[in-house]
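Consider the two complexes below, in which subunit A is the common component and subunit B and subunit C are the respective partners.
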Partner chain A sequence: MRNRRFMLVALAALVTAAALVAAAGQEQNAPANTAEPAQDWTPPRTPDGQPDLQGTWTNYTSTPFEVLDESDTPAFYSGDLDGTGKGTGPSSFSNDVSDRELTKMTSLVVDPSNGRVPIMPWAEERRNYKLEHVQDDWVNHTPWERCITRGVPGGLFPAGYGSGYQIMQSPGYVAIIYEMIHEARIIPLDGRPHIGSSIRLWNGDSRGHWEGNTLVVDITGYNDKGSVATNVATQRVRSIPQSEALHVVERFTRIDENTIDYEVVVDDPEVFTSPWTVAMPLHLEPDYRLFEYACHEGNHAVPNTLSAGRARDQAAQAAGPQ
Partner chain B sequence: MQNWLKGAVIALVSAAATLGISQMMRGQEAPAPDTAVVRTADGKPDLNGIWQAVGSAHWNLQDHQARMGPVLELGAVLAVPAGLSVVEGNEIPYQPWAAARQRENYENWLSRDPEVKCYLPGLPRATYMPYPFQILQTANNDILMAYEYASASRIIHMGAVEPPPIDTWMGQSGGHWEGDTLVVDVTGFNDQTWFDRAGNFHSESLHIVERFTPVSPDVLDYQVTLEDSKVFTRPWKIQMPLYRRQDTGAQLLEFKCVEFVEELMYGDLRKKTGEETPFSAARLRWP
Partner chain C sequence: MRTPLFIAAAGLVVLAAGSPLTAHHSFAAEFDGTNPVTITGTVTKMEWTNPHAWLHVDVTGSDGNVVSWMVEGGAPNALLRRGWNRDSVAPGTAVIVRGFRARDGSNRASGGDLTLPDGTKLFIASSGAGAPPGGRDAEAKK
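After this line comes the complex of A and B, so read on.
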């Protein structure tokens, strides 16, 4: 058991070293999903014949979510209304937890080609209102801050901590266990139809199938209370609402021992003017262990934010009419 | 250094306790395995599927008669159903101080039960709450148990596991097979979870050994030995069947109950607009 684990680590280190040497001379702007899979590498199979995605993966990245524009206000998006920006910037890592150097690309958003999510103005206004009124009501916080969910696909967008994902497979199912908040997302592969449209879900209803070596997951049935992105690393997209029309298609392709290419197309005709695509790698981390993230059980952020708001109201009242 | 020592002591104590428990349990016949038990490709019983306990152990592990519920307006709807004990011998062997604490918990159920606040349920409570859970069994390796309640889950690590690095709500599960029985040893709990809605509780010293044995393709025998030297005078045991959910297209849905308790937990901190509809004036009567 232990020996096999060491072998795996050693193997992983070797493969990584080889990959780093190979990558050294390459243009760094290519999105992850265009990386050519090693020609002589075929993914292992589970006993029931699925390409084997099992293991613990992380998504540390040094790539910004979107291409920044001059009109952007990053401090505001991160909830830092005073705009000092201290400690609230986008997560940015030069190396992952195994100290592998990460490739920095222009943006995780690869389509549209300008690297910008095509958000409708009303949705930006809605986000602005929520960010400005977090002290009024918990519903103005993102579902992550409320410890409900980081969403789908938002739960896979880099967060900076609690970034472990364990993939498990059994005949007819793929499960993704998210360390952050603790979610076990179980994806049936048996071709069953989506559940009835009167059941709306925070994370939508996932149905998967294999296309060659790629796991394709189709998700519908969302509620309109969630958000596609909840983390400050997602900048302008954080806290943008999702509608019941949201439709998401994810693709997981293991391109070598240590890498899954993850690509997701987000289509919500009520919120975005066109579908958009995020592409990013997940890295195998055999030694990473998921810890229990008992989020709601220790949620001081929401009550503290609200009580600060009420204290401010009281102070304003005591000061009398302006 | 201290952690290593603590770990070693825990490991030793656990090993001794497991030995003691397995000896204690050897006297009891496990249900005879059905030859029709469905097996995985590697010959293990196939536990894959969605399961649920039927009964009212989630209200009270011990014998309990039907009684009025806590919300007057809900009448018969949320009244408490009667149930037979799932505790072997019906007695939970509390130390005297702990028996007093349990009674106090019972009387103050609504303000003390972590389930009321949608907190993680701990074990073995998660297994017999009135929600389904799904077992996902990988080939020769870890087993996932995902619970609909609160999106709780645990991964059962098969084979040797290191001592738990920290205390957690769901504990640390290590599993192995004894014949057709999945045996799960769980330690590393915190002292925040309960066993039922009757105030039965434990400390962070809780150690449980669960045994999942298929008795037919659609029924698992579930036995748990619980020990906690800070709270009980001896190890004790519960046993109940778990049934496969055979509903067409059965799948775990979301019971993300955080949003159902925010008003309860933070309602007094919300900015008043003057347009609020009054929250239910339901009168509480408990016990």
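After this line comes the complex of A and C, so read on.
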């Protein structure tokens, strides 16, 4: 009865996790949704016995990605080079969260405990260069602006719109359809090894397995062209590069009928001084409908931004040497 | 000197309001937050496309010439959640759209609030392109 033993281990893990969460209750960044898992709630199962994560989920939130620091320059991270766009801040996902139950988290980053991603200086410099030169070359735009991908795990970081995720399961697989850029992740559960290191992917290579009721997804095999986060909402981490050493581990745990606890550990020893963790809830929204996201259809941002740069150059030339 | 005062006041409001976060791209790299425009004309087409909807408006000048404008809006699903539907701005609808002009000087703008003939206001902006709230006033539907 391997399954029974598995369940016992899972139960023990849950009890331990609950104890840890309770112990961490005083910490400012303890994920609110894990504070009181429904003790008597048993996750439904798919016909082949997997914990059932299926449904349409959303991640609208008002929680800032990181805890803001005085040294932060939110306007700059949003690409607002001269201040005319008035920048950005952690406060306004308001259009899309007003009808939602909000967490009391101070940041989505829960580890390190200060809520700050430990970015190496060179990576911040690279980001700064890209943001400062976004009008000069398309390569300085994030993969999202170029309609390539929002990345893994970046594609699950809240963006404020287009935030639907459809999870489907079949024997041996979990599939996650992302509304944004209509990405689809097909995650095999059969224990197959990762692809060889000679193959490099924007979103890496996902391999899943169950630990009790938790879907654990291990991702390696990234290229060094992508970014771990692309959306303005990710503030300081937006446009931070990823390296081929990036290793990501995601955990999906359905803690009640309407909630998946999503947790992801990001480890890239070439970019970050230590691993860091994001934790946040995904909310079941059966009535939410994913809107087709044919990204290039309405995306005029890259050519328009470049033409803005050329207009800037011409104006500078007309003004003559300063 | 009402205009400079108004702009100053608007600037304060902008600073106070914090601002939106969710853009597909950087607002300020493409549009000029110091260059507001009011487009009064007739809708010719609404493109319900991702990552941004685009509203096309023909504006007839005092000389009778027609100039076509493109106004960037939020993503369809964001507009839907604010109360928009496909009939909100049917072709032929007279609209007044406030927004901010493209930096390259083309007839393109990032939209803000939009006023329909009966006075109803809708908010078309990208759900936070880093854009100034630009006329997002209390009357506009959320």
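By definition in this document, the second predicted complex is superposed on the first by the 273 of 322 C-alpha atoms of A that agree within 3 Å, B and C clash if a C-alpha of one lies under 4 Å from a C-alpha of the other, contacts with A are read in each partner's own complex, and residues count from 1 in each chain.
Methods note: contacts are C-beta pairs under 8 Å (C-beta built on N, C-alpha and C of every residue); 3 or more make two chains touch, one makes a residue touch a chain.
Here the structure is a predicted model, which means the values were calculated and not measured.
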Partner chain(s) touched by A:E179 [first = subunit B, second = subunit C, both, neither]: second
Partner chain(s) touched by A:N203 [first = subunit B, second = subunit C, both, neither]: first
First, second, both or neither for A:D48, with subunit B first and subunit C second: first
Partner chain(s) touched by A:D136 [first = subunit B, second = subunit C, both, neither]: first
Touching partner for A:A316 - first (subunit B), second (subunit C), both, neither: neither
Touched partner set for A:Y161, first subunit B, second subunit C, both or neither: second
Partner chain in contact with A:E145 - subunit B first, subunit C second, else both or neither: second
First (subunit B), second (subunit C), both or neither touched by A:F291: both
Which superposed partner A:S78 touches (first subunit B, second subunit C, both, neither): second
Shared contact residues on subunit A - subunit B and subunit C: 135, 291-292, 294, 297, 302, 307, 309-310
Subunit C-facing residues of subunit A, complex: 75, 78-96, 98, 131, 134-135, 141, 144-145, 159-162, 164, 179-180, 231-233, 291-295, 297-302, 304-305, 307-312
Subunit C residues touching subunit A - in the complex, by the definition given at the top: 14-15, 17-34, 47, 49-54, 72, 74-78, 80-82, 102-106, 108, 127-132, 142
Residue ranges of subunit B touching subunit A (in the complex, touch as defined): 41-42, 48, 117-120, 134, 136-139, 141-142, 144, 146, 150-153, 155, 159-160, 165-166, 168-170, 192, 249, 251-254, 256, 258-259, 262, 265-266, 269-271
Complex interface listing, subunit A residues touching subunit B: 1, 46-48, 54, 135-138, 146-149, 166, 168-171, 173, 175, 177, 181-184, 186, 188, 192, 195, 199, 201-203, 225, 290-292, 294, 296-297, 302-303, 306-307, 309-310, 313
